[in-house]
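Two complexes, one shared chain (chain A), two partners (chain B, chain C).
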Partner chain A sequence: MKNINYKGYYFIAPFFIVFLIFNVYPVFLTFYYTFTQYEGYGKPTFIGLDNYARIITDTYFLEAFMNTWKIWGFNFILQLGIALLLAALFSDLRFRIKGLGFFRAVFYLPNLITVSSVALLFGIMLDWQYGSINQLLLNIGIISEPIHWLNQPFTAQLSVSLILTWMWFGFTFIVIMAGVSGISKDYYEAALMDGANSRQTFTKITMPLLKPILLYVLITSLIGGLQLFELPMLMSKNGLGEPEGSLNTMVLYLYNQAFRYNNYGYAATIAYALFLITVIFSAVTFKSMYRDAKVMKNRGE
Partner chain B sequence: MKKFFIVCISITLMSVFAAGCSSDSESSSGKDVLKIWSFTDELEKYGAVEKFEEEHGIEVELTIVPIADYPTKLRPALESGVGAPDVFTGEVAFIKQWTERDYWENLSAEPYNVDEWEDDYVPYVFDLGKDPEGNVKALSWQTTPGGIFYRRSIANEVLGTDDPEQVGEMFSTWEGLFEAGEKLKQAGYRLFADEGAIRWFARGVDSQPWVNENDELIMTDAKVSYFEQAKILRENDYTAFAPEWSPSWFASMDGPIAYNGGWEDVNEESKDKTEVFAYPLPTWGLHSVLKENAEATVGDWGLATGPNPYFWGGTWLGVYKDSKKKDLAFEFVKMMTHDEEFLTNWANETGDVLSFLPVTDKIQDTVSEDFLSGQNNYKFFLEQAKAIDANAVTKYDQEIDTLLGTHVQEYVDGKKSKEEAVQDFYKAVKNAYPNIKTP
Partner chain C sequence: MKTQNVLKTENQMIHTPKKVKNSKNKTIKIIIYVLLIVLTIISVIPFYMMIINATRSNKEIILGFSFIPGSSLIDNYKTMIEYVNIWVGFRNSLFVSVCVTLLSGYFSALTAFGFAVYQFKGKNILFLFMLIMMMVPGQLGLIGFYELNKFLGTLDTYIPLIIPAIASPFVVFFLRQYLSSTLHPSLLEAARMDGAGELRIFHTVALPIMMPAVATMSIFTFIGSWNNYLVPLVMLFSPDKFTLPVLMGFLKGSQVAENLGSLYLGIAISVVPIMIAFLFFSKYIINNISAGSIKE
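Presenting the complex of A and B:
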């Protein structure tokens, strides 16, 4: 005990000081605000559990919750589907597709563009009157009159979902490919010799061995998805989640309550609700991941 | 020794983090620095800052924050006093909120005594800078009432006259507006660019504040009929589907645009091009919007009154209450708002319609705007400014107007019945401001 050198603490102190001031303190301060009515200036008024009572009955919050799930859910299924399909193609020994590095970079590119640029770009492309997407669809003859993409709840949510898919499938693809390259080639060669077809190889070898990676993708995407904010905000006309509140996500709702309407107390409550929701869903997913990891270990023995 | 060394390093590391918090009030050249925050580059554009720097031998540090981020950036600085400016401007959207707070110095008190200046200003402009107790917190050099800019050649052709008085007479009632809209449509023109254009007339002649002193939302008949009026415009095809600030909106000021977005292949009826007849715009709309976008139509414009007077925008400025250079800061405010020589130059240079009457009295009779075929817009706007009531402005206006517009749009698009749209509007207001009692 005597020989412990405490001097090391000096060196790690700066991190902890910054962490305490800028991370821990705000978390607790926000918790305090959930019990107050606070306009962002002056002193917060203590109102007990009123904010919590409000959020339970708040139909706007419920709507935002559902919107977030719809937009994220559709995007995730599609994104994973595309990434898996591509992974199957690239990992198949029969096809021997060249230039994996090149494709990986190309698929990842949309993720490098800032969200605001993406929103601007698609805002122009999805324009009802002058947008190139409508023009293209009309010229091919798929639709007979222009679709008002961002003025109808369903198409607006669909558009945002598809844009998110476009932005993120490359990332998912890279992670899955990393998982695939971790699977021993022996399995595939053995399967090839035994006469397994592509589908069998994929469902019987690739998929089971990829499970931990897929769960990792699910958790990170879920946490990111619950915080969906920039794209819906920038794609809706006044940033209120139009049309008809269909792009109103939980974080956008939080943002508007705090910085548009100055209801900081209620916004803090939304933040905590969001925190709780994230914890619950992550815990559920994490649990299945843990269970799966154990299965893997046993199989290894 | 070793311990000393470690402590030294720790202190160095800590001071790196602390460095961000320090502030200096002297520039590198050793001159005094006056910090100004604004959301427009107006102050810089026309040499105001330069002039002030020369006159007082100081340096002005002007920070321009885009309007969308302005309140969010400024508020923490004002609340904490860290990095706060000495002078800052406020837009009409937040002027009411900020005068209520302890942000701006009370200019009614000693040594400023600006109450003595009251008669020098357009009343509504001076009143909007007051807090609820009637103390002046901020002043403005400009006044921003609006009118309806219209195309004279089209007016001559369709309405039989291009005289602003007579056009204004036709536009003074909704019936008159729609009648003109019908005539224009028959002749192949469109009254307005889109339905949003009439929002300034949504409040009607009897301009009540959105929220009264009992925190009750006031839904006047005029506001309710705004739903109908917007719908009439849409259903009768009096608009050109060119939303404000869209490329087609700007293009429509200089000539025919493709009606309905130019879907020639799709809709035979929409093959025609159309021209927009009129744009409700305020003072600054002439210089910043119309003049910027019109080339072929220069000189073909007139300016008439609408169903009711209105104003749109405006910039106020005041002294930060904890500024250490209040005298200097006030000098700047004074130059911008109460310096006859400076403001005369400003008016001539920018064409801004001033709220400072000693200057406007001098120049208003001599103005003849070529763009408006010689019409005197200065006198027109000053006349309009007289009818504006500052009491109808509340801190909620910006957001409630946005919510109203959104719900009117949903009704116009046929997504909701009028009753549903109105009820949803109340619900949205209640959600944004739980303290407001809705009908």
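Presenting the complex of A and C:
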């Protein structure tokens, strides 16, 4: 029979042609721009490492970096806490909570909605004067004066953080619940026989066995969090990360540098800095979690 | 089916026989259900407020909030449509997302087939290269991507939004895994004996086998494309070409924003269809998230 293996090239050719043009080439082109000053017209001027020198000392970038961490970090702790609590409740044999399918779907719903619609919705609901949230809180009597949610740095960050939690706790719950249902129920029965309480069952059985899933949740959430853009863009007054730059995240800074101020060279440098940060933090997270898992295993033996 | 198994194991786990009945547990149980109901309300109430406010006039919304619908739905709609035609955004989004989903599904299947069936030189290196590029976040090449499209003259068209879908590394990766466990070489041999060409074999033998996996990926591709904000925001300038997410941003700065009821209505129109679709697909989507995370 004649050799037809070369035909494989025909099958993968369209993919790789498009991939090289629209995916790989722009990545390298962007890298080239990091060494240039470029306003989007004319020819890029080669300026060596000036952009890199600038980004290291750029307080706005540092601020954007810190903002991204604060907003993502608080949201992640809260979101993971809620998801773990829910997973613990649903996996507890004592209570036999019903309606897992229903609750999973309802908690997941906010995640499916277009982020820009969510941003717009909360943008008007958090309006200090006419927003439904202040009106509701005033009506119930939780607060006596309207809160300027999006006009003060702290409450603005808190609001975005809480919206992120609202959007993502359902997803995290589904993923963790999937991990929990993968754990053999024999462990839980044995624990029940031995008279372990809920807390013990959770910390000694569920948590250690969930480690790989938690790693997955942490890394995907971290990567997504570092790319936070839509919410701060559409919830700050002019899309510049107001108030007082508290909603200025790294990708928002990148966007504004490129498409508002036409600093393409510097924006490209921000993109690469963001990439480097993502790689470093993913690697560190992965490594530390992996080492922990190894230590646990050795102890077990 | 696999999805049913996932559910079954969960049910078994919850219903494992062991009767513990005392009043303390009952109280805790009530507390748990209260907590779950509170979380349910939190998840849903922003959407409820959105729908209610979409039916109330600007004046009513300013004066205070209400759980009861108003009667200004039609007025709000008229005000909104005067400034922004949201259905155009809807149509654009639908067009882009459908094209992206079709291209991504078809060409990913084609590429996965090429990788799974043939032994050619450089295959593993190409596959590895694809996997490495898969890890690179989208923003990394954004500036270069914009410049490329400026050079090609494709800014303010749907080409930069649609054509790159031909190269979807993650879908290829997923389909290749799927194919290597479902496609038997004997099937291909039999087809070749019958004198079918390779492309024909792909269309008549491999593609039907891959369809369930393609469908799974398509849902996520579609949602991802539908919700995509950054790339269309950068690429599109003409309001009549805006996709729905970009139009939402446009809505914020437009005159519609002065009438809160209309603004709420605009948001509601962008949100409600997804919610309705979710009613039908929720089990499918959630089971796929579950299955995907376990495999990692």
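One rule holds for everything that comes next: the second predicted complex is superposed on the first by the 284 of 301 C-alpha atoms of A that agree within 3 Å, B and C clash if a C-alpha of one lies under 4 Å from a C-alpha of the other, contacts with A are read in each partner's own complex, and residues count from 1 in each chain.
Keep this in mind: contacts are C-beta pairs under 8 Å (C-beta built on N, C-alpha and C of every residue); 3 or more make two chains touch, one makes a residue touch a chain.
As the structure is a prediction and not an experimental result, all values here were calculated from the model.
Student: May I ask you to name which of chain B and chain C touches more residues of chain A?
Tutor: Of chain B and chain C, more residues of chain A lie in contact with C.
Student: Considering only the touch criterion stated at the top, classify A:33 as touching first (chain B), second (chain C), both, or neither.
Tutor: second
Student: Does the superposition put A:231 against chain B (first), chain C (second), both, or neither?
Tutor: A:231 contacts neither chain B nor chain C.
Student: For A:218, select first, second, both or neither according to whether it touches chain B, chain C, the two together, or no partner.
Tutor: In the superposition, A:218 touches no partner, neither chain B nor chain C.
Student: Figure out whether A:156 sits in contact with chain B (first) or chain C (second), or with both, or with neither.
Tutor: A:156 contacts neither chain B nor chain C.
Student: Thinking of the overlay built on chain A, is A:103 touched by chain B (first), by chain C (second), by both, or by neither?
Tutor: A:103 contacts chain C only, not chain B.
Student: Between chain B (first) and chain C (second), which does A:60 come into contact with in this model arrangement: first, second, both, or neither?
Tutor: Only chain B; A:60 stays clear of chain C.
Student: Figure out whether A:6 sits in contact with chain B (first) or chain C (second), or with both, or with neither.
Tutor: A:6 sits against chain C, while chain B stays out of touch.
Student: First (chain B), second (chain C), both or neither: which does A:14 touch?
Tutor: both
Student: So, does A:191 touch the first partner chain B, the second partner chain C, both, or neither?
Tutor: In the superposition, A:191 contacts neither chain B nor chain C.
Student: Taking the stated contact definition, name every residue in chain A that is touched by chain B in one complex and by chain C in the other, in rising order.
Tutor: Common to the two interfaces on chain A: residues 7, 10-11, 14, 18, 129-130, 139, 259.
Student: Per the contact definition, I'd like the list of chain C residues that touch chain A in the complex.
Tutor: Chain C residues touching chain A: 6-7, 9-10, 12-16, 18, 20, 25, 28-29, 32-33, 35-36, 39-40, 42-44, 46-47, 49-50, 53, 61-62, 64-65, 107-108, 110-111, 113-115, 117-120, 123, 126, 130, 133, 136-148, 160, 163-164, 166-167, 169, 172, 198-199, 202, 223, 226-227, 229-230, 234, 244-246, 248-249, 251-252, 260, 263-264, 267, 270-271, 274-275, 278, 282-283, 285-286, 289-291, 293-294, 296.
Student: Hey, which residues of chain B end up touching chain A in the complex?
Tutor: Touching chain A from chain B are residues 3, 6-7, 9-10, 13-14, 17, 72, 75, 79, 101, 241, 247-248, 260-263, 265-267, 399, 402-403, 405-406, 410, 413, 415, 431-434.
Student: Going by the contact rule at the top, pick out the chain A residues touching chain B in the complex.
Tutor: For this pair, the touching residues of chain A are 7, 10-11, 13-14, 17-18, 40-42, 54, 58, 60, 128-130, 138-139, 144-146, 151, 237-238, 240, 242-244, 256-257, 259-261, 263, 266.
Student: Chain C touches which residues of chain A in the complex?
Tutor: These residues of chain A touch chain C: 4-12, 14-16, 18-19, 21-33, 82, 86, 89-91, 93-101, 103-110, 112-117, 119-125, 129-130, 132, 135-136, 139, 166, 170-171, 174-175, 177-179, 181-182, 185, 188-189, 192, 212-213, 216-217, 223, 227, 229-230, 233-234, 251, 254-255, 258-259, 264, 267-268, 271-272, 274-275, 278.
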